[in-house]
Amino acid sequence: LGSNTESVSVLAAGSLAHTFEDHVGPAFENETGIEVHGEYYGANAVMRMVEDRTKHPDVVVSADATLLRDRLYGEFTDWDVEFAANSVGIGYNDETTFGRRLEDGEPWYELARETDEGDLAIGDPNLDPLGYRAVQAFELAEKEYDLDGFRDEMMDVVYEEPDEPQIVAGVESGSRAGAVVYRNMAVDHESPFLEFPDAYNFADPDRADHYATVEFTTDEEGYTAEGRPVLYNATVNDEADEPEAGHQLVQFLVENPDLLDDAGLTVGDGIPRAKGAVPEEIDV
Amino acid sequence: MRLELDSLTHRYGNEPAVDDVSFGLESGELVALLGPSGCGKTTLVQAIAGHIHPTAGRVLLRGADVTDVPAESRQVSVVFQQSTLFPHMTVSENVAYGLAARDTGSERRDEVVSEYLELVDLRDQRGAYPSELSGGQRRRVELARALAPQPDLLVLDEPLSALDRTLREQLRDEIARIQRETGVTTLFVTHDQEEAMTLADRLVVMNDGTVSGIGEPRTLYESPPTPFIASFLGRSNTFSATVIDQQPLTIAVGETEITLNGSQKDVSTGSTVTCHVRPRDISFRDSANDGANLSLAAEITRVVDIGTHYDVTVRIDTGDELVVECAGNPPAVGESLSLALSERQMTVFGPG
Amino acid sequence: MRLELDSLTHRYGNEPAVDDVSFGLESGELVALLGPSGCGKTTLVQAIAGHIHPTAGRVLLRGADVTDVPAESRQVSVVFQQSTLFPHMTVSENVAYGLAARDTGSERRDEVVSEYLELVDLRDQRGAYPSELSGGQRRRVELARALAPQPDLLVLDEPLSALDRTLREQLRDEIARIQRETGVTTLFVTHDQEEAMTLADRLVVMNDGTVSGIGEPRTLYESPPTPFIASFLGRSNTFSATVIDQQPLTIAVGETEITLNGSQKDVSTGSTVTCHVRPRDISFRDSANDGANLSLAAEITRVVDIGTHYDVTVRIDTGDELVVECAGNPPAVGESLSLALSERQMTVFGPG
Amino acid sequence: MSLTEVFHGRRTSRTPELLVPAVLGGLILLYFALPFVAFLSRTGTANVVAGLSTPESQTAIRNSLLTAPISTAISTVLGVPLAYILARRSFPGKRLVEAVVILPLIVPPVVGGAMIITAVGRFTPIGAAATAAGIPLTDSLVGVILAQTFVAAPFVIITARAGFGAVDERLEQASRSLGYGPLSTFWNVSLPLARGAILAGVILTFARAIGEFGATMMVAYNPRTMPTRIWVDFITGGIDAIVPLALALLGITLAVLAAVQRFGRVPTVIER
Amino acid sequence: MSLTEVFHGRRTSRTPELLVPAVLGGLILLYFALPFVAFLSRTGTANVVAGLSTPESQTAIRNSLLTAPISTAISTVLGVPLAYILARRSFPGKRLVEAVVILPLIVPPVVGGAMIITAVGRFTPIGAAATAAGIPLTDSLVGVILAQTFVAAPFVIITARAGFGAVDERLEQASRSLGYGPLSTFWNVSLPLARGAILAGVILTFARAIGEFGATMMVAYNPRTMPTRIWVDFITGGIDAIVPLALALLGITLAVLAAVQRFGRVPTVIER
């Protein structure tokens, strides 16, 4: 049982499944001979599993840089590297009325207001950054276009999906007209995508302050997340079985922005960026 | 005709179990279907009841062809050979089951159930479940269940075989009484010759899937049409003889010549015939055997005390051994005696 | 003793099925266990075989207490009342099963299987599965399976009840032969009196969970110790009489006085007694009934032709009805006749 | 039952006979029990009551108690007749029908859920029609029931079929000969005799339905049932957070099981 | 079988009799089949061969074909003896044992998986010892087998128990009286007579094991089996991407099913 080849285990946010499975993994193995064993859950679940030691990955990758720092710093790590950004928008099904009208150029917020309950999906804001980012995007859009009560209206009609994978599947399979997703997810699934303007797409690190004007507090734990750019960061678990391979993988992410770009992520200026006591194996 | 089988044939796979069987029951008749184990009796019952579809032939009930009619529409009450009591119902629920199907009111139903449980001597077991009954008790419940709906056609597949003689005779008499009183047409399957002969208006004797003979019990018993029936319908002795003359038929048994005035058998002179006579019908010649007009010399070879009587085995001239039933004072082994038998009780079968 | 039951009692729930039964079988004996349906025969068999644990009492085999010994160590061959053929084995595999347990070599096994299938007349069914056999054929396979391991103790629970008479007698004779030849101790459970009396060295007659009498067949038949045995062991007529005198015992049957020289019954003068006589043992008085020393006046009330003989019902002075078996030429209904019966064949039971 | 009694009476003297099977069986029991014991000993049961009194837990329990019995009822009413037909009739395509019956067992529930969505999602013809009629088939209690039924119904079908197969056909013949048609015979004889098996199947179906997560998550993540709530609790609060609901789930199922056994006088759960 | 024949012979004239059950049964069949049909008709089957020839798919298939039979074998070897004891003996604590047997069915598999981790995860004494011995119990094929066995074993236990319950105890008595002890009687009589039920249980267990996802994901996300691979394909490529492996999974299971039926001469899958 098991193979002799070296491997590194990665616990990553679900929105990165495609990136790691189809782009990073094969390329990394090609270069180093080390297999990438990925596991993908919602970003919150990832943190939870590490904290509880349900899972013990070598590398942890988060879709929300701050989340990782808040949850894992101290006990599991004291550094991380931001290696890519992503933008938020609406993935839609172009066979639905909603989709067609969106393609015809009607403003998404008008159309979204007219949808029936459940036509649009967002991630579960209590579990998943993608979920609360959608809520925050609604709030920023409300401010942007002076749409009174838009956020609350939307919260009444949207459906909260548990996990990132279901969101796109719902749109694909005809269960939803559209969903607030990351760009790379739409790219993965080759489904049409309407990117939000920079004002509320969370893609621009320079607008961090603007994004931070909205916040969301989760039901369960009362964890308050303020709006911030979608920045993917990675770290190596202090308890890792294969810290060497882990460091190599993080280094590989830093060195291969093109690969990430191909996967639908954005690697703009100022990225990669290190934070904390980055080990010397890693050179940003 | 109430029930008629018309050229019925049934095969299990390729094995024919019943082959071209035809017979009928007149309304009100009680016919016993008799035959050795494996001869196809149960197969016929299943075909009549509608639980197997015959390979060929027809089943007619009350004049109508029912070969394709489902069992529940045939209105035939059946006691199956293997127990079919409903294990989840008590004795009285089992008996009431057939009544409910016929829309008997529930008060009347209780009455009828009690009546039939009384009949089979199971008042005290009313509330018991079948698993709590002995083999014989189960049988009796099945009988009561079949009789309770007062059907006009009753098929009983060995209903009494698990019972002791007292109870068997009692139920046999009851079946006969019910049959007499209600005139229900009854087909009674049994392997017990005595039972068949006691009960039945007519016998259908089967052998190896075919009908071997049909007739009234005494006729079949006293003048069996085939050697099979002769030996099957009661204990039978056979010995061979040679035909010496035709008119009147005279045969030689060893050195004894016997003239049979009554028999009109079509056998040629010189041929060998088989004679059949029942152990009961032979006695040892003494002053009283006036009715027995034939004599044979014999030597006693064995005497078995079987409780109710003695079985005395004798050897006659031809070397054949015969059994003689004898009520008391059996002769001693080795003794030479003269056997008395009457022409009326002897049957002669031609060669082949 | 080969097999001994010591004060055996068994209750199902609270219902006692067998109550304080004790009897034993000597080595080589063939004992028939006889009794009406539901009297507890099968319960005893199950206790002997080790499939139920008696509520009280002990089972001893070959001198050792086996009450707590599991069935497989008891070395008792059993034919159960309900079929227990293994449905997933062919006929010959079923018969060979018990041989394999006893480490018989496989060649020898085949031989023995063939031998016993021959015995029960089922050569041709070797390869058939039990579901393809008729009721009687299954029974025969079970018999062969029990006999094949040549046990020294055999318990047969109604092994022949599903068979036709010819086969039954044949197998009965075979069982008797095997028993004689091998000396296997055999307990033969049956509800058939004739079978029991033909086969057994001794009878154990049960009634309602208790032993009603034990003895040799003829003794029990001719001098039944209890009215139950009298009526159970054969057809029985009873009529009441009054004791007139003690030495010699003289009784009045209606207006007829009968003196019984041989009977030494302890009954007081003036008490009412019950007399028992079998239908076979009564005849109509004519010149030949020399052995029958007693006479009773009677009137013919009914004549039934039951094939092998006639059942003639007569009414005597006391109003009791008796049945007389009569081989031929029955008298006419209404005729008045004198009955002949012999003292030896009459049993008198005291009051109570 | 006399046979139970037979064994009862001899139990003490006989138990060692089955030592080998007892040891083998003990191993798997141990393996089943170990995770539960470890789970409970790790987490403790302190705050169970508090955990169950939150409105979220209450809602989840209410939803589960509403949907699981309905799914079980649907599965039973539709599945038992199918089981009877499968046990008693041969017909062309029977193998296919049998394959269809076990398909939902083979497919991982999440995949099954995805398939259900492709069939009845809100923009499929069926889903759209239902939504128009005011009965959305996804993201609703109806959706939960659809998911539960899909995943759990094979249990009652398979168990009931085994039960019917064990009913002696001759008893049905006897009922027919006593004047009852096939349906009344089914009702009076086959059904009561297979009752034990059917009840066992119903219990299994209920257990599977109330514990169903994968397909439910796909078809109706909201409204939350106990398993979806457990998942959310797990992700937000970790393994310790799921103790209250997990215990409630086990408790409810075992209680239903005991009730059905007592009420239906089924000797044991998993009998036939 | 003569009884089949009985019905065969009458089928044509009788089918309408069972119209009501047939219609009810048809409904649930339709509901089972609909998602599959919708799924396949939506996605088509064009690139199945291509999808199956990727190294990832190959590995997943290999891992599944390795682990599922082992889990099934373990479940059978340990479960059938337990089933026999449950069918034949009464003992104190029997109810508890029965409850333990169905616990894995009640718990949602992900929760079950989480529980397994609390018992044998790498930081537990058992898990640590095993890892030290070079046999890690999580994230390994051994872990997959542990998860599959936990989730699937109840099936063979429950089905086999039903099978043993239907075996006439008198046949076992006859075998005992012919000189066979309880173990040989079990082997020669009870086992062959319950064979149909046991094989059906083995098939169900195999189907459940090879399709197991929830617990496997928790205990051993890697190495990937077919269901975990399907999941990853699903989250990376969406619903169309899972067609090849989903079809392969169905195909393998149905093939095993057919083979066991033929080989074991079980009349039908789900019989007893």
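In order of appearance the chains are A, B, C, D and E, and numbering begins at 1 in each one.
Criterion: a residue touches a chain if its C-beta (ideal position, glycine included) is under 8 Å from a C-beta of that chain, and two chains touch if they have at least 3 such contacts.
In this text the structure is predicted, and so the values were computed from the model without any measurement.
Of all chains, the one whose mean C-alpha position sits at the greatest distance from that of subunit C is A. Taking the mean Cα position of each chain as its centre, A sits at the greatest distance from subunit B. Which two chains touch most often is answered by the contact tally, and the pair is D-E.
Look at where the CA atoms of subunit B average out and do the same for subunit C: the two points lie 22 Å apart.
With centres set at the average Cα position, the gap from subunit A to subunit B is 91 Å. Centre-to-centre separation of subunit A and subunit D, using mean CA positions: 37 Å. Inter-chain spacing, taken between the CA centroids of subunit D and subunit E, is 15 Å. Contact with two or more other chains is made by residues 54, 169, 173 of subunit A.
Shown for subunit C are the residues that touch two or more other chains, namely 12, 51, 70, 82, 132.
Residues of subunit E found to touch two or more other chains are 2, 6, 14, 17, 42, 114, 181-182, 231, 234, 239. Within the complex formed with subunit D, the subunit A residues making contact are 41-42, 44-45, 48, 51-52, 54, 93, 95-96, 116, 118-119, 124, 126-127, 159-163, 166, 169-170, 173-177, 218-221.
If you check the complex, the residues on subunit A that touch subunit E are 1-3, 7, 9, 14, 17-18, 21-22, 37-40, 53-56, 164-165, 168-169, 172-173, 188-189, 191. By the touch criterion given at the top, residues 56, 114, 117-118, 121-124, 127, 131, 136, 138-139, 217-218, 221-222, 228, 231-239 of subunit D touch subunit A in their complex. Residues 49-51, 70-72, 74-78, 80, 82, 84, 86-88, 97-98, 101-102, 131-132, 145, 149 of subunit B are the ones touching subunit D in the complex. Partner subunit E is touched in their complex by these residues of subunit D: 3-4, 6-8, 11, 14-15, 17-18, 20-22, 24-29, 31-39, 42-43, 75, 77-79, 81-91, 94-95, 97-112, 114-116, 118-120, 124, 149-150, 153-154, 157-159, 161-163, 165-166, 169, 181-183, 186, 197, 200, 203-204, 207-208, 210-214, 227, 230-231, 234, 239, 242, 246, 249-250, 253-254, 257, 268-272.
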